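Data block below; observations after.
For reference, chains read A, B, C and D in written order, and residue numbers begin at 1 within each chain.
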């Protein structure tokens, strides 16, 4: 049964395999009148690019091509489709996997579900991390649309392996991680992460990590009780990302060991706006956004494609076997995942902003489109547009 | 926009408020031919009942009434609706809340979203934990349907406040927690939880906790990539529960600080069935069930309705105010939440079993219905049917 | 698989069987702040009531009871559920049908699909025309909501058997049919229809008919290309009604025998509003409403439950058999169908008005609610509130 | 709000504009293991090709390119995307339309809805008949999948302008219309239609027509009461086609003037299968397929793009104006529409066959895939594969 669409009003459908002709996404539900061009998309794609520095050396060019839904630079209300042709594919790398499913990977479940004969084993097919390209593309458009409500989203790598930061990270610090090749929120952390990655590249091993996202100035009262609560839709969006193994918002799991009296979160009025003193629950109460910053975290496990021999089963002989994965390997998928989690958050927020009537679902007024354009440029500059775009 | 439905094939729609006439649920998509009666439902409802022992003293009778979709004891393929009339309602308890929203609660977000004039402030209205009755009802039917694939679901309270168990809990131990009034998986833990609750009842405070669920013998290859992965749908289902603040599966957040080589999970063959040596990822790989036990955990924050004075805002005067909540209070919502998380897991599993063609979506054969009936009785007995049902 | 929900934003889920405990509907997606009471609903229900004059003599009381979603007379944003208890049920009337499926009726397809053992044969169960109660209830609320855009819906019985009116009927004439027990748009036609019905009651036969609906002042640009065009969603809504066998809009089937030059429909400007000279295509072009009156027609076949003996199969003996249906019979279902088609149109329009951002999906402003209230009263008076409500 | 997806299990999402880069469709929900190649698709595309004989002389090459979801000739369970690059585009033809909306066309509603500035006026953009390419592509795959249940779909042009056939057309006759350039079911009718088209080409006018579809050997008990009845989903699917203005099934509108006794449709048993003597209601009762042939009809209005001057409004001057459409014109869109209606029927049937569990939603067994392959070849030959494919 179909599972490749997400969202109700800002609705995305993704397609394409790692080693097929292309990766693509169709977004249905974007209001008409939004300026969108390929550069907007590629700006965001740059942050998930493998080979950017320490990550998987596959050189993906990731040239986004808008093939429908935009006319003379603006959305028309029709479904917007973006494709990225696959280049730099070395399929032979994957010949061994064909018969020796990687333990801890989607290989065997896909074989069990769809049939060995029907399995596109090249590069993980649809289960490849390359699928997340579609998400980042859609996320770029969602992020741009959210400029209308002046909402911005920034993530950073809160921890990698046993390194990490425990103190509260501000939105500005998170945003500054876009200038860090390892998405660290400080120079010290950057150094620690880099050392770890160097070690992993030498040993052929991989590390897990925790991504934290801060959503600044979210529209209040997003979220539709009782199942489409904002926390529920964020959880689904983020847990659908490959290698995501845990989700929390606000203080999250810590709250489980605390008392109600410790978490009493005084309400007060500031400039005629309701505020919460501590924002313990990350901008979401009753599943509805309060207007305070939304804070979520997602745990990523280490990649299962490591260069260290692993025990598995040979599907032909049904006997124990050892798998040695050659070729590229990604020592720290959580780095690239930051861009993906940001994108999924943007998609959920855009969807809910449209659902709650915060953005007109049919079309933007001209001045709205221009406000978005200005804010978007400002955002790109803050994210070091000059560096990233080269 | 609507948000009160969940599921694609086993699809539930819930309705009703805490202090309205009734709480109800309509389930559309149950195959015809399944035996269902009110006792089946009330058996499960007993495990979320407030006032059972240490929890909120509201005496809910929770008499389930099937009002559609069942004819002569069996489902017909028509939508099945179950209602529970609200009794024992003391609305005046909530008069103070009308103008003093509880900090950390859904009160103010509801007011902001729907308008102060339109807010059903009695008992939290739709945001009340009483809404979860609908979930447990639907979960009872989902659990029964899953007997066809011999799948069973059991949860336990892994931690409460700073107490808890860190070692692996077996399915049988989890199931035995149904005999514990505090859903503890051992007698020692039960004692610790009880002491904590006694303390909380004295001080008027509340505690958070972690619920763990073990799904035994799940059908393999459930989950529809890339957005409706099993882990994603479980996350959404569970994070939609009131007070849920975190979700993880398998080893969860711990994986973020580990190395790929530590998590290599050997595949082997046992009785012609693929097995994974460690089941690090809780029965789910690539978002698809492997057939290994599914293990998930959910963090619940402490209830915000405590008897300790809290600072808030008086909506009439717009001035700082102190809120003292009288009446019932639930010192440990995580206890009752176990039944709710179980139910949401059952709903997701039943939905995905139908989506993947593991259960015929139109009707059960007679012998299938009888197999279900036998296994269900066995299950009820294991859960101490005699005690619970009195 | 579930099929008992309709609509995306104004979303209804119906439940209940003809001879079960009740008939009900849950509407999810109504903005908060709309005044709704049982009298509003019963006003509309009166127009589909059997036994009103010439139609099926079953005396349904049709007491609507709002059981959720309304607090102090206004919607809260929560799902609104309305139930109607079944009374005056004579189940023994249907004993014969249990083994002799009515030809031309849903009996046998239900048996084939869901299983003989699981079939609720009493009164057609879910396939009964009584199911349309839910539709009229939801339609009443949709109609009321549409008062915000000043949109009104009126239907009339364009033909019954070989009688009927071929000339264009105005909105006012259609509205006046609410005062006619046979939904005729003129006194002459009323007489003709009544004569036909008298004949049918004598012979035990039944007649088909055509229902025409005029939607006055619809919001322009409703309809979402390319599949959720307004004409497509109206077609689905209306063709889902029991006994509906054909749908057309504007000049409909006649257009198939015409030339493009005959149907050129000049666009002009009137009071700064785009107008179409002839409105050949019933207010819908490209699947989008133009703002001109929407005109649709639906063909209903005669009821298959007649008192004349019919040949069928005895399911026990597998032999040819003759079926004589005793008890009530409805000589002209198309009369009551007028109210049902109106309701389905209202549901589609309300849904699309919300989808297109014409009505805020979260809540109505106070003055909006009051405007609705005034227009609604005016509408009820025009429909002869005094007579109908007694 | 999104409207470019259709279907629940066999779910299509379409994208692309008439004069954009491409037209495309993504199908999510095809079981793995189905053989699909571009020739299968192009075979069906040939029947909607403009310029084939008498229709719009635009020379579309319609080269289908499968870009995802197929690996080594078989579906993988991943979303299958097919694109057709737009070639032979002459955009300047449409310059005049930019300011003079065609009366009776989608031009002005699109402008009103999405904004003049955001309107892709080239060739009607998304409202172009070229959009139906996506439908025929998806229909080809649906048709092939339906070979598993041995279900076949054939349409013919029942009438064109005032010409047509009134007698019952057999499935074989309908199928033979694939050999007729005007989709006539007999040589005499072909001659009549051709004469009419010649006349239209001379005068620059256009004709409407009625398309009839016969579905042979449909799986019984498709259709999900009460809203997703088979008749309702067929109505929506077909009424979403550009220029469709009416829908009926079985004897359709005629039933409205008949008596119940005339339409009593005896049930009998033939080779242990339930049969209906007359199949008055076109294989659908209670909204559920009976197993008898499904028969539906759809009325198409004449194209509004004619070469005869039409009165309209000049949007710049707001003054009355005359529009003369140059370039290509399609005198009889109903001819090409036959392929489109067939496709939409196939999509609905495939979707419902999957919904009802008649086809495994996850994957086909090898022998099933081969049975499909054989029947498909047979079908192509019957449709004159040699001629059509050249």
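Please note the rule applied: contacts are C-beta pairs under 8 Å (C-beta built on N, C-alpha and C of every residue); 3 or more make two chains touch, one makes a residue touch a chain.
Just so you know, these numbers come straight off a predicted model, no measurement behind them.
**Student:** Shortest hop count from subunit B to subunit C along touching chains?
**Tutor:** Graph distance in the chain contact network comes out at 1.
**Student:** Quick check: more C-beta contact pairs in A-B or A-D?
**Tutor:** Of A-B and A-D, more C-beta pairs in contact link A-B.
**Student:** With centres defined as the mean C-alpha position, give me the subunit A-subunit C separation in Å.
**Tutor:** Those two chain centres are 46 Å apart.
**Student:** Measure off the straight-line distance from the CA centroid of subunit A to the CA centroid of subunit B, and report it in whole Å.
**Tutor:** 28
**Student:** What is the distance in Å between the mean C-alpha positions of subunit A and subunit D?
**Tutor:** Chain centroid spacing, subunit A to subunit D, equals 39 Å.
**Student:** Out of subunit B, which residues touch more than one other chain, so two or more?
**Tutor:** In subunit B, 1-5, 8-9, 14, 78, 113, 126, 221, 225, 355-356, 361-362 touch at least two other chains.
**Student:** Considering the complex alone, what residue numbers of subunit A touch subunit C?
**Tutor:** Checking each residue of subunit A against subunit C gives 8, 78, 221, 225, 355-357, 360-362.
**Student:** Under the definition above, what is the set of subunit D residues touching subunit C in their complex?
**Tutor:** These residues of subunit D touch subunit C: 1-6, 8-9, 14, 101, 103-110, 112-113, 126-127, 131, 159, 161-162, 200, 203, 205-210, 220-221, 223-229, 231-240, 242, 244-253, 255-261, 263-269, 274, 276-277, 280-281, 285-291, 299-306, 308, 310-313, 318, 320, 334, 355-356.
**Student:** Write out the stretch or stretches of subunit D touching subunit A in their complex.
**Tutor:** Against subunit A, subunit D makes touches at 1-5, 8-9, 11, 13-17, 20-22, 24, 26, 28-29, 32-33, 67-69, 71, 74-81, 83, 113-115, 117-120, 122, 125-126, 354, 361-363, 366.
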